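Chain nomenclature is as follows: A, B and C, assigned in order of appearance, with residue numbering initiated at 1 for each chain independently.
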Amino acid sequence: MHAIDITNLDKVFRGKKGARVEALQSLSLQVGQGEIFGFLGPNGAGKSTTIKILMGLIRATAGSARIMGEGVATCAARREVGYLPENPSFYDYLTAEEYLRFVGKSFDMQAGLIARKSDEILRLLELWEARKRPIRGYSKGMVQRLGLAQALIHDPQVYILDEPMSGLDPIGRALVKEVIRDLKLRGKTIFFSTHITADVEAVCDRVGVISKGKLQVVDQVANILQRGVEGYMVQVTHPGGRSEDRFVEKEDLQGFIERSVAAHLAIERIEPKGKDMEAFFLEIVANR
Amino acid sequence: MMANKVVRTFYFAIPVLMVGYLLSVFALAGYMKSRPFVEKLGYIPTVNTMKVMAGDHKQFMGANLLLKVLFYYGGLAEKAENKLRIPADYPAMSRTMHAALKLDPYNMDGYYFAQAILTWDLGKAALANEFLEYGMKYRDWDWYLPFYAGFNYAYFLKDHDNAARHYRRAAELSGQALFMNLAGRYMRESGRTDMAIAYLDAMAKGARQESIRKVLNTRKAAFIEARKIELARDAYREKHGRLPGSVEDLLAGRYLKQAPQDPYGGRFYLAADGNVASTSGFSFAGAGK
Amino acid sequence: MFNIVAISLRAIFRDRVFHGILVVASVFLIIPSISSLSMRQVTELSITLSLSLLSFILLLLSISLGATTIWKDIERRYTYSVLSLPFERSTYIIGKFLAVALFLLLTTLVLGTVACLVVWLSSSIYPSERPIVWSNLVICIIFDALKYIILVSYAFLFSTVSTSFFLPIFGTISIYFAGNATQQVYDYINSPVSSSLPLFIKKGAVVLYYLLPNFSAFDLNINAIYGIALPVKAVVLPSAYFCIYTMLLMALATIVYCRREMK
C-alpha cells in the first residue's frame, strides 16, 4: 500500500465570467511509506491545489486520491495525516498550549498523552517560553513552527507539509530540516511542497516537479544529481606541498585517481561539477 | 522638522477650537430647548409603520413617546408656577398620546395622561372618553378607566345614562360603592363641585409624577375655593331669598372671610345663573387668554 | 462536537464584542430610576424597559456572533487548519452553531436574572396594582432567546453561501425586520382595507408569510408586562415551530457548507 496514491487527478476552477482554469491535469503520483517526497514547482503550478484535494478542502473534478488506503475527503484519511497549511493561521485567541490540546482532542487522544506530547513538541520547536501567550502575538516564524507542532502532536504516519520552510529564519529552517530527517528515521512518510530547490536536495528521497498543472518529472534525487554531473573539480597536493585544482571528466575520475596515487599526489577534495537541482528544475520549467 | 511644525500649529489650534466648541454647544443646547414641541418630538412615523418596524419594542416605543409628552408637559407646568406662560401645544400632545396607545394599548400612563390634559385644559372630554373606551377593551380589569369615563360623562358631557353605566362598571371592578354614590351626587348642582374635588383627589393620590400631582392639586385647590364661594352663596340666598350680585357682595356681607384666590391667576365671579366661575376657566391656558 | 463547541465558546468569551455587550448591559442599572418616571405603572415600565434592553442586547449578539463566526474562520484562513482535522464539516458547523446558541441562552440566563431583579426591585419600591406573573416573564424572556436563535441560524445559512460578511450581516438584519413584520402584513392582507391591492401581491405576501420566520409569535411582552393570561397553545406551538424551523435552516446550512470549496 502506498502512503499517498494519486490517480488521474483533474481540477478545473470556474473563474469569473465562466472562465475555465485547469489547475491540475491528470496528475498521477505515488509516494511510498517511509519516503520523503519533495513536490517542487513554481508559484501557481498546482502544488497547493493538489494538497487541498488530499486534505479534502476542495474536491477533484475527476480522478481519485488515497492516503494510507483511505479515500481523501474522509475523516479516516485525515486521521492518518499531520497537515501544515501554507502560511498557516490558527485560532489566535488561544495559546499554543491550548491549540495543541484542541488538535489532540480532535484526534481523540487521551488528556495525559496530549499533555506529554505537547510539552515535548513545544520544547522541540522552541515554543516553550511562548506556550502560555495567545497566538495573536506570535511572529510569523513562531506561527510556522506551531503549524509543524500541531502536525506532529498525534504522531501520524503521513505528513503533508505545504511550504514548511516559508517564513522561517535560517535557524528555523535548520530546525525544520532536522525534524524532517528525524521523522524519516522513524519511518514516517513526508510529502512536502516547496519552490526552493535546495530544500529538496537537502532532505528528499524523491522529487516530483509540477508546472502548469502537469506533473513533469518524478525521480530519485540522487539520480538527478548524478545525471547532472559533467565532471569533477579535484584538488591535489604535490609532494612538495604545492596544491592544485584540476578539472576531471566524468568518465575519467577513476583513472585520474589511480594516476594520482601512482604519482604520489594527495587528493584533498573532489567536488562534482555540473547541473545542480536548481538548474534541473529551471530547465524543466522553462522547456514546457 | 515638518512634523514638529504641524504639531505646534495644533497646540495653538486646540484652545481656539475648545472655545469655539463651548460657544457652539451652549448655543445649540439653547436652541434645542426653545424648539416647539412638535419639533422636540421629532418626526413620528405613522403608527402602522412604527408597529411594523418596532418588533418586540412596541411597548418600549409607546412608553418612550409618553415620556416625551410627560417631560414636555412637566416642564411647562413648572414654568407656569413661575408665572411664565407658554401656550401648550395640546393637539400635538394628543396626537403623540394617540400613537403611543396604538403601539401599546395597555399602557395606563397614556390613559391617565389623556384624562389629565384632554378634559379641562383642552375641553375635549368626548375625545378623552374615546381613548378611555378604547383602553377598556384591553385593560378590562382596570376600574380607573370607567371611573374617569364616568366622571367625564357626568361632569363635562352631562350624559347621565353613560355616566351611570361607567360608574357602575367601576364599582363592579373595584368593589367600592363610592362610585355609585358619586353617580348619584352629581345630579345636584352643588354635587358637581364635590364630585370634581373627590375625583381630583383620587387622581392626585394616584399620581406618582410630581409635576402631574402639582397640576391636579392646583385644580383641586381651585375647586375648594369655588366650593367655599358656593357655600357662601347658598348662605346668602338662604338669608336674602335671592342670589348675590357678585363675589364682592359675599365678601362685604362677611359670608366669605377672605377674598378667594384662583391658583390659575384668574378672578372668581358669579355667572348670571349663580354658578361660580373664574376668568381663568380653571386652566393656565384660560388665564393666559 | 463538544471540542468544537468548547473552542468556539472560548472564542466568544475572549472576543471584544462580548466585552462591549457587558458595557451595554450596565444600562440595566438605571432602569429602576427611569421606571420611576412613570405616572401609574412603574413596575410595568420596568418590565417593558428590561425586556426591550434584553431583546436589543440579544439582537446585537445574534447578528455580531451569528454573522461573523463562520465568515471570520474563512476570512482569517482558520478553516484550512481546522477543517483538515478529522471531523466532518457538519460537526464543525453545527458545533459552531451550538456554541453561539448556547452563548445566547447563557446570556439570556444571566441578563434575564438581572432583569427579574430589576423588576423585583422596582416593584418593591413602588408596588404595582397589577400583580407580576413571574412565569409569564420567564417564558417571555426564554422566547426572546429562541427568536434570536432562529435569527442566528439564518445568519449561519447566509454565512455558508457568502464569501464576504455583507450578506450575513445585512441579510440577517433584513430577516429580523421581515420576521417582525410578517404577522402585521398578513393581518393587513386579510383585512378588508387591503381589498384594493392586486391579487398577486396578496398571494406573494401570503407565501412570504409562510416562508419567513414569524417573530411575532415569540413576542409575549404583553403577557409579561401586564400579566395577561398566557394560553398553552401560545407556548407550545411557537416552541415546536422553533425546533423545526431551526433544524431545517441548519440542515440547509450544513448541506451548503459541506459542498463548499475552501480555496
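One rule holds for everything that comes next: contacts are C-beta pairs under 8 Å (C-beta built on N, C-alpha and C of every residue); 3 or more make two chains touch, one makes a residue touch a chain.
The structure presented is a predicted model; accordingly, all values stated were derived computationally and were not measured.
Q: With chain B excluded from consideration and all other chains held fixed, what connected components does the contact network retain?
A: one piece
Q: Let me spell it out: compute each chain's centre from its C-alpha atoms, then which one is farthest from chain B's centre?
A: The chain lying farthest from chain B is A.
Q: Whose C-alpha centre lies nearest the centre of all protein C-alpha atoms?
A: If we average C-alpha coordinates per chain, C lands closest to the whole-structure average.
Q: Just give me the whole-number Å value for how far the CA centre of chain A lies from that of chain C.
A: 49
Q: How big is the gap, in whole Å, between where the Cα atoms of chain B centre and where those of chain C centre?
A: 40
Q: Any idea how many Å lie between the Cα centroids of chain A and chain B?
A: 85
Q: Contact residues on chain C for chain A in the complex?
A: 3, 7, 10-11, 14-15, 76-88, 261-263
Q: Going by the contact rule set out above, which residues of chain B touch chain C in the complex?
A: 48, 51-60, 63, 67, 70, 104, 106-109, 112-113, 139, 141, 144, 206-209, 212
Q: Touching residues of chain A toward chain C in the complex: what are they?
A: 13, 52, 55-59, 75-76, 78-79, 81, 83, 85-94, 98, 102-103, 105-107, 147, 150
Q: Could you pull out which chain C residues touch chain B in their complex?
A: Touch residues, chain C against chain B: 36-42, 44-45, 48-49, 51-52, 55-56, 126, 130, 144, 147, 176-177, 180-181, 184-185, 215, 218-219, 221-222, 225-226, 228.
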